[in-house]
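The two complexes that follow have subunit A in common; it is paired with subunit B in the first and with subunit C in the second.
So, the complex of A and B:
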């Protein structure tokens, strides 16, 4: 890992790992928790995620050149650090599994009902493996290239504005406080890939000031993109219907008719697989990095294969029926809080202690 | 190692070229128009029209032959299976263009019959709806000889009326939000078989409440004004209005205007006497298209404008009265009250009070030109 990625590559790699499965079902999930105010909670959640980005860049600055696992070890001590590192390994695996199973289910429901799901998994896994096999620099280049899809797909979403009514955003302020809190946590989790910043930041060129600026900018781009999709689907469907539709973004494009493409929803779904792949690849990469840091370092490709075999195995089990899928999602929900919110805050606080130590050491 | 990867990837392309999910065009029969009916004794029947375009052996488009199939069943899906039994290849409604609903069926809850369209991702939500007064199957089977493509006859009628602002496009998706959402209802084009079963004609807009047909319509000659009030305009819009009574000869009582530009604003607010007061402000810039009285000097114009405004306001009041009698909140007044005054909305029993709320049309006409003959 001698080569570093440039700042713009860093921005794109961050954006692409944020936007995954959530983009399709976020409007419904938000609406279920906060009603028509879902978009307000998304804005608040976006602001909170920026705070986390700031904390993570700060922590990373205090431990120059070290990635997540290095930081864990130097701030928590060797034993606890390794344990936390292993925890992150599990977390990344679970997220990767979640991404893979949701992707499989979606494609199965919408596009290829007859194709065995295992093959869909394999296809995504192979392309993700190929992407990350070249290391971070290659990954960054591929992700930068795929950013084109983001602009294209946002333009296609404009079809949703046909038949939309602004009145569906009214009335505001009807959700309860717990609904708001729910909505905010949903939106923070939908932006929870900020943890991956720990892995990208040390390998990015430029000063920390620049990195911080880029990370915040990228975070805002993702939040705005989410807001855009949420607003369109709220205006298009209205409250009552939205509750019944799990992928509103695709659903609203079902009638959009253009001269070139008859079924824009299916076209968008195909483009979306790019996002599914990039987000999945980032987490696979993270899991592979974590696996490499476990005791007894192995050869790199073995890490990759072990990780992907675990992911594939659990995904196949999860894809068997909805109950298994539910177990995976519930487990992910349970641990997400610790690994995306608690530990970054802890590390952030510990980084202050360390700085004091350092200053004290320098003085004496 | 590298070679191995290449081999694996290449073999992937052989194996994974989507063999499982191919659905070949030659293996399905596409239904273009479907008619859903309820018979007298509440049996659901489904009639479909399948165009057959394979017999164009000579050059140029061959005469299209159509096939009609009728089946009964508990649900549309079962009726589909029953239709399938009589076809050599399987029947697919995924390219359905028009869905005709018989009057009897529309008066019941229509949602159970269209549920499959929302649920199955293979079905297109683009299908246009229409209510047929009487039997929908009968309307579907009308095949005028002059039409090159009988399968497009009904769709053509609906589309051309949308262009001239006599009707609006109502497909399953635009209707979806309105069926589910409280405080707003929708309209669907209404059709009728005429000329002793030789033609089908567009009759106006059928008013729906929740998801059933109320039995009342906006009559054909009021549809343009109604749609403009609802802020919908096709490519062109023109209206003929009766201004006076008792002038001789008869056409002198009328004027026709061509609407060039318009703005429509609907504002609702709570009020004391009628619970809710709604103002519909419609401003139009028009061209006089037809004025049989033949004396249209500039000095007459202000009076004429006044008269047009008066006549149109009266028509608008009639339209509003029809919608209120039908209990069809087609302007979405309830949703707008809920949006802007949520606390007030909770105190209202909308279905009950909608009949009595005050809706006032304000119509302003601005005559831009009188045409080239003065």
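So, the complex of A and C:
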């Protein structure tokens, strides 16, 4: 368990925890806020997320060997730090719940309308638990292997180019300023897993510069993948159709025919299970870590189960009807800002005052 | 409340002492007493022969069935004639004052010579050799390459390896396991290439084995493997010296067994089970092609039946338009759901396979015809199973036999069942989750503490999924963390800077 992960494993972990179920909706959401300029806001959002990655790697460097909760305590003080740690526990839980429910909803909507969602939740939860119970090194191995799926899916998306028209991207610059801001915030939130860097960075081998380079590289890979999906769906459908479609990529693949099999969307959906699992596992891992750092330390296995029971319970409640789901999503939207943007900035600023690496301590 | 508490009688048994650890028993000067002691210790066994030499002052004791009379003549009686019956003047003998040691020597196949008025036992090695000739292993045939194989004699096996690696760093460590059987095993590795941590780990695990009898290589793995509850084999077993040599030179450890032609290799990766010596004897393009075929058949053998079930049960729309009517026609009149069909067919096939293995080979081939052709045809005409399902299952089991390793192919065939269940419940998503669990399990597995599945470095693909030409394979597998990472001195010099 004490073993550190390698730089390439770190990159894959980061990529896989970023890409979740949300990307399937991303083109539509972006289109809603910024119209045909959605892809430009994604590029800007990607650049902003890189700034955050830089800030987080710097902060992490200033407190060597400490993960998110250690940093919180060191910079905010013991009481406030624990409180913020608990806040993060809730945040990670909520994101995990959100990922679980959105996966269940997606599969229910597209493939298995009759199957009880609980079964899907359970399977996803079990596979995620199986992954994270081996610790970060096993997670790293699993995520590295599943990176294959990313290449495969990217290749399948090429079908979308068959009927695409670049003209759909025109005219540029038509959106309003508020539309742009909306689109940018959507893009930044879609890349908001950079918070998890706080948990992975201290357990990665390599120097600060190497880690920074890899983290930025991985972030760019994710942003490029998002851009790729968004551009393809924009080019394929055009503004009028995009307004009415919630998962454009899947619709696009549905119409694409190949000689061997039809309905590629079904296969892509099944492959998407991998992304859903990895992203969910990352947040579950984060929540478990947060739980372990709560004032009453208990045995590790109990933590995993309590955390996952909470996740399962709330997800089942959320899956009952549309209104409950809405409450979860609204709650997540409300707190995301604080935990992914405000606190990292605060920590970054505080790191100049309270940094530990240059205070002469023998910390390592 | 002692009413329901039944007193369990704890079984008590005596501790058995291994032959090499029995405390010494001083021999006496009386020939009679010595013989009596040995007789008693050997439980008056029928094959214990005591040959009293003229005037009953000297005796030769041996176990009739494991000693060679020829050798006895040559090493004991002929020299005795030359030295006028004075045993002390014969060279080539061991001496001992310990009767228990003499008994142990008897069991090994030595002859014990006792003299009246002399407490020393003289031991002569007259063991009878009983071993097969060196033959090609039946289940690991190759087209090109050497055609020799291990046999039941551990010395012959070490000989076969030593002849291939002529270097002083080839290390053999011998151990015995089993308090009754005292089965000899030998750990073979190339010092300087192997990772010493792994050697220590293996030694530690072997020394922790505590049993009366070590009966087979399979039982041995269960004592020391990392995950006993996994379906996947974690030790590669082979009977080929050339394969063993190649794996030794990669930095792995071979374990040889006395009285067993199987050689176990550890640590291994999943992909080692898909390699054969043939790969390195053919053109590399052909070898790569064959490796890809094997990988493809791996995927085929575990997913094809479940894929079929999912398509029939859940996702009709996946079938291209032109195929729909033939598929529909095939399954329309079948009474059973596809899951039952699949399980039925798989079990029938397994029954045929078991029957064919147990029967003598001339009849075995008939079973193939009866099982495959007659039952296959009849079962379709009877309407029990659709002919599509027959194709699917036949392909699946064919694909599972493509794996060069027998254990792995068994594991694959067993994996079909859970995947079929999952796909019958959830369709493609079920298969997806099944494979997800399988892959996570593989990623979690370890072989002697080293990772079993994921290639740690991208360059390991060069000799796993594909095979590149020899000059491109510069490094030993990354998994092993060998102290000698490059495959030649020159490369090490160039890249060492």
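Of note:
Basically, the second predicted complex is superposed on the first by the 353 of 364 C-alpha atoms of A that agree within 3 Å, B and C clash if a C-alpha of one lies under 4 Å from a C-alpha of the other, contacts with A are read in each partner's own complex, and residues count from 1 in each chain.
Criterion: a contact is a pair of C-beta atoms (placed from the backbone, for glycine too) under 8 Å apart; a residue touches a chain by one contact, two chains touch by 3 or more.
Since this is a predicted model, take the numbers as computed values, not measurements.
By the document's definition of touching, of the two partners only subunit B reaches A:238; subunit C does not. In the superposition on chain A, A:134 contacts subunit C only, with no contact to subunit B.
In the superposition on chain A, contact of A:267 is made with subunit C only, not with subunit B.
Of the two partner chains placed around the shared chain by superposition, subunit B is the only one that A:116 touches, whereas subunit C remains out of contact.
When the two complexes are overlaid on their common chain A, residue A:255 makes contact with subunit B while staying clear of subunit C. In the superposed model, A:163 makes contact with subunit B only, not with subunit C.
Of the two partner chains placed by the overlay, only subunit B lies in contact with A:174; subunit C stays clear of it. Annotation: subunit A residues 111-112, 115, 119, 123, 126, 130, 263 touch subunit B in one complex and subunit C in the other. Of all residues in subunit A, only 6, 107, 111-112, 115, 119-120, 123-124, 126-127, 130-131, 134, 138, 141-142, 144-146, 259-263, 266-267, 269-271, 273-274, 277 touch subunit C in the complex they form. The touching residues of subunit A, when paired with subunit B in their complex, are 109-116, 119, 123, 126, 130, 163, 165, 167-171, 174, 236-241, 244, 252, 254-255, 257, 263, 265. By the touch criterion stated above, subunit C contacts subunit A in their complex at residues 314-315, 317-321, 425-429, 431-433, 436-437, 439-441, 443-444, 451, 453-454, 456. Within the complex formed with subunit A, the residues of subunit B that make contact are 5, 8-9, 12, 16, 18, 20-21, 118, 121, 124-126, 171-174, 176-177, 179-182, 332, 335-336, 338-342.
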